[in-house]
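The first chain written gets the first letter, and so on, giving A, B and C; residue counts start at 1 in each chain.
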Amino acid sequence: MSGHTTNLRLKLPAICFLLQLFTIILFALFVRYDQETSARLWHEELSHHNKSNRDNDFYFRYPSFQDVHTMIFIGFGFLMTFLKRYGFGSVAFNFLIAAFAIQWSTLIQGFFHSFHNGKIHIGIESMINADFCSGAVLISFGAVLGKTSPIQLLLMALFEVTLFGINEFVLLSVIGAKDAGGSMTIHTFGAYFGLMVSRILYRPQLDKSRQREGSVYHSDLFAMIGTIYLWLFWPSFNSAITACGDDQQRTVMNTYFSLAASTLATFATSALINGEGKLDMVHIQNAALAGGVVVGTSGEMMLTPFGAMIAGFLAGLVSTLGFKFLTPILDARLKIQDTCGVHNLHGMPGVLGALLGALVAALATQDVYGDGMADVFPLIANGSRTAKYQGAYQFFALLITLGFAVVGGSLVGATLKIRALGSPPDTQCFEDQIYWEVPEDNQDGYMTAVNSEDAERSASV
Amino acid sequence: MSGHTTNLRLKLPAICFLLQLFTIILFALFVRYDQETSARLWHEELSHHNKSNRDNDFYFRYPSFQDVHTMIFIGFGFLMTFLKRYGFGSVAFNFLIAAFAIQWSTLIQGFFHSFHNGKIHIGIESMINADFCSGAVLISFGAVLGKTSPIQLLLMALFEVTLFGINEFVLLSVIGAKDAGGSMTIHTFGAYFGLMVSRILYRPQLDKSRQREGSVYHSDLFAMIGTIYLWLFWPSFNSAITACGDDQQRTVMNTYFSLAASTLATFATSALINGEGKLDMVHIQNAALAGGVVVGTSGEMMLTPFGAMIAGFLAGLVSTLGFKFLTPILDARLKIQDTCGVHNLHGMPGVLGALLGALVAALATQDVYGDGMADVFPLIANGSRTAKYQGAYQFFALLITLGFAVVGGSLVGATLKIRALGSPPDTQCFEDQIYWEVPEDNQDGYMTAVNSEDAERSASV
Amino acid sequence: MSGHTTNLRLKLPAICFLLQLFTIILFALFVRYDQETSARLWHEELSHHNKSNRDNDFYFRYPSFQDVHTMIFIGFGFLMTFLKRYGFGSVAFNFLIAAFAIQWSTLIQGFFHSFHNGKIHIGIESMINADFCSGAVLISFGAVLGKTSPIQLLLMALFEVTLFGINEFVLLSVIGAKDAGGSMTIHTFGAYFGLMVSRILYRPQLDKSRQREGSVYHSDLFAMIGTIYLWLFWPSFNSAITACGDDQQRTVMNTYFSLAASTLATFATSALINGEGKLDMVHIQNAALAGGVVVGTSGEMMLTPFGAMIAGFLAGLVSTLGFKFLTPILDARLKIQDTCGVHNLHGMPGVLGALLGALVAALATQDVYGDGMADVFPLIANGSRTAKYQGAYQFFALLITLGFAVVGGSLVGATLKIRALGSPPDTQCFEDQIYWEVPEDNQDGYMTAVNSEDAERSASV
């Protein structure tokens, strides 16, 4: 394995410059401030509608946006630092591909959702949606973590964002499914897309890098920073783009209780399935979050607090069992190497969340929702479809998402097999030194400092 | 010391499943969305009172809630990672017991404060209060950190939350004390409760684990993540449930200045009491936060910015001195082993804060508060009691809290002595390996990776 | 180099106590709650103007404040923990000097901006501005990191805050420049001030400490916590004190896109300039943030999203090149030892940001801004000056800022040369042990724990 294939000196600058230049040109041609962001348009709005500056959408969406933003860059970034030798790559490639994905998805989602008179108009909601879309890419990143070059990751982001936009458009605009927290559009799509990419990029010789596929004591603590931030702000994630008022508050509350229950389920299951009754950090870091995924679709609905708890509890249980029993099978039988176990955290809980959403939608009644029906299920409220039909469409949306993810992931995986993209050799996976200047080494650096100082002290006495 | 007593394989799953199941059943029976969270009820409210969705409480409480939530799970969790060998237990048991406590306290507080027509109605304020209550449990956790099993901790949470709810009800609803930031209900109660539990669980042979009771360089940095987040968001903690408007802003400002002053006092005192003039991380990690505790009661009052500074300064001073001089006495004379020094951070500053609250309440005048009196001291504003009486009631509330904490902590401590609860042996305290799968070891894992890679490189040349 | 000169036992307590006491006295004499914070004044406002508690400024500024607060204490604090042996000093001295600076700048900025009838009236905006001012001090701290005692740092804060206040007053109030995100007042001022201090404190023998001037693997990850939080919340920083409504939303959006583009530019350039095509953590940790600095002045203007991207892209490029090519020259030729490379992150991007602000101001037209002109450029809107003049004044403001920074930094640097201030010897720079109780050592502490426990286990068998 010679070094030159992983040398990024010209390739990485080239792709970064090209993608950024291309994005800037498209922004210059198509992207404009929306009515709440443009000085002229907003002030016209103010004078025409007797509004005040404090009615700007900003004040009702920005705190949620910042929580989502934290999840994307701190949450996902640090969650993946559990690997002993891939901390730089985890947090920094996460940073790179999310920074690109939020720009690119602003364009893609803009073309599908806010393209009027030849221009895309953007504001705080488009920023939230762009962050959401980058979340799907980061889920896929989790499946291929440590086995891909940053060039492959940027290309994956380019294609995945595009497919995400199409899938989302079909789900939300064509068939009228609801999915505010993205059980389908984000988690199911991101997970199965990434798993298919990983399948296509299967490495039969990955055992040569297995000694680096674990954690060390402090890398597990860094990962817990990611876990806890994801857990904390998941209520904001699921509620960030729901309707204002009761919808946002209800989504927050459902997610809060679902997560709490999935945490208890995870600790219980983790101790139960370990031979010695010891807890496993991998489970805590991941499965405790399944409660957020599983109410991604139904969180805005009248799920009831105890319903949210049951959902979260089952998700934590299934997710922990997945790490123990399913991940080895995926690897050995299906040749899917899933570094972070995204199938357990995002795949299965995402599918469960989609099914739960279909169920809760099918059970919606006027009695329970009152006039709030119009915000949650506009098509039921205006008589276009019955609750049962809404449930059926929700289920249909899951199938479409799985289709897009599996086909899309396969095609993109095949594209990423191109040798020139700088993929690491099998012996060098999960290793920062291949793409990073890494400080000489942890302990020697420290000991050298202490010793040379002692030496100097002795000398100066 | 045989391993089987600390084996959690059946016990931990059993208690987690039972507690969660029991909670879900009680939620199903009693807990409902409140008027601002239910689709039907909120939309009835909208049409009856000419409100808009943007008038929902959510927008005025949720940012504060998220700051409090961060303090509970990141702040407390990482503050306790200072121990070199107990990082997993610190952040993850914190996670487990807080995830249970927020559910349980929603029920307990609900029964006391929002039980109408046989149902508990919950919304954003009940979420904040549930997080507050779990804060008290986490303070007690700090006193027994490293010396208790997760089963003991869950049982402690179960009982402590219940007692917290009763004490809080007596203070706020029966005797009309004010304590928005919880100097009494949270800090004094949590600290003395935990200290009594620790007293009852006294381990005369704890010296056998002393070599693990310190920090290493990076564990002190992890702890600083907790410290700084607690410090940053303490203004939100103290203001989260005060009245809207000037009260929230004033509480934030008082806490901000109190914390700043306690930080300078802590650095000054830390250097002063160390023989060589060196600063001690333990003081910075803890005593700098005393400024938040000490204005927990008076923060919403017209304390004045310089009054807040004086309070914070004294709290930082007393707290730092406590670490140096009082903690060893508690251990040696009173047989109270206080792992995190919660007596210094929460106990003494909590009592000081209660006394300060009594004083500032007794000095309240119509001239200073104007029409704002009704928000801060409704019973003074409506003529039910004079300012001096309010002050006396505040003092009385402190005594009640100390009584509940000491008696409750003793009883719960006695309960936790049951041998079957999986408590670690004296030789294995402050040690993650007893309850956790711990990666082989820090440096070897790293060195193995580097060396085997070098070996492979040499081989492939 | 004898130890006694760095012993802080009496000096640090003395300066902390004195500064805090002096501040408390000045607060007692001059500082009062403003109209939105005082119980009486706010309720008078409520009754006179038919307002509700929810109209309080608090709800429109506090979430931004908390983001800025996080940047100051977590962002700056952890960004500087990259040094292998100076983690305690980085995060804790950052904590100390910011805790003092926010108090002191409340006074200084209060005298200049809200001194009426002999009193300074403070509220949420003054808290944001105080945090901003401490940001400038922390930038200067970055230049002298590891080479100064906490006493020197507190004195630097005392003087720098004062000069900051004067410079800010001249820029904003005298010549009517706009600089909401502080490209000039914060970044340019803080950087060149700190660089001049570093120049005056030049250490020809600093090579004796070079072995400690690098990072270790995990210290680089701690630093990334700082980087990512700064990156995430920079949109809040630039928008925190702009006018409500479209201005805040537009500033957020411009900053968001500028940062995304600077991230791609940084990765590209970092790989390009490294001989082996490897990425350098120093660049990612710092230059990726240049996109926030460069739109500090123009972010609130109608910069357009693609304009923000171009600005961010160039800033990331220039900043990364600066680390590679300029920092060594500054050190070798100009005798400026810039520990954190603040010239690259804050100096050059700050100057670029000021120039960009002048350009965008000069291009402002009524057609683009509409009635929003009054919020962004009040002096253009009311006809006092043309857009071109505004641009010229902006440029003039940059020159003034550079003048204040260079002259002020030189004078303050000269003051800090006083021997009694406890500066570390050349052989002990970048070393925590000089001012801190440091745990014995990283690995031994860990290994001792493991081994003694194994020994005990063997013994107990």
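Quick note on the criterion: a contact is a pair of C-beta atoms (placed from the backbone, for glycine too) under 8 Å apart; a residue touches a chain by one contact, two chains touch by 3 or more.
Worth saying up front: this structure is predicted, and the values here are computed from it rather than measured.
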item	value
Self-contact between copies chain B and chain C, residue sets same or different by half	different
Rotation in the CA alignment of chain A with chain B, degrees, nearest 5	120
Rounded Å distance between chain B and chain C, as computed from the means of their C-alpha atoms	31
Residues of chain B whose C-beta touches two or more other chains	59, 63, 217-218, 225, 441-443, 446
Chain B to chain C touching residues, read off their complex	1, 55, 59-60, 63, 67, 84-85, 208, 211-212, 214-218, 220-221, 224-225, 228-229, 231-233, 236, 243-250, 252-253, 256-257, 259-261, 263-265, 267-269, 271-272, 274-281, 284, 288, 302, 304-306, 309-310, 313, 367-373, 375-376, 427-428, 431, 433, 441-443, 446
Chain B - residues contacting chain A, complex	3, 7-10, 12-13, 16-17, 19-20, 23-25, 27-28, 31-33, 36-44, 46-47, 52-54, 56-59, 62-63, 66, 69-70, 73-74, 77-78, 81, 87-88, 91-92, 95-96, 99-100, 102-103, 122-124, 127, 150, 217-218, 222, 225, 435-439, 441-443, 445-450, 452-453, 456, 460
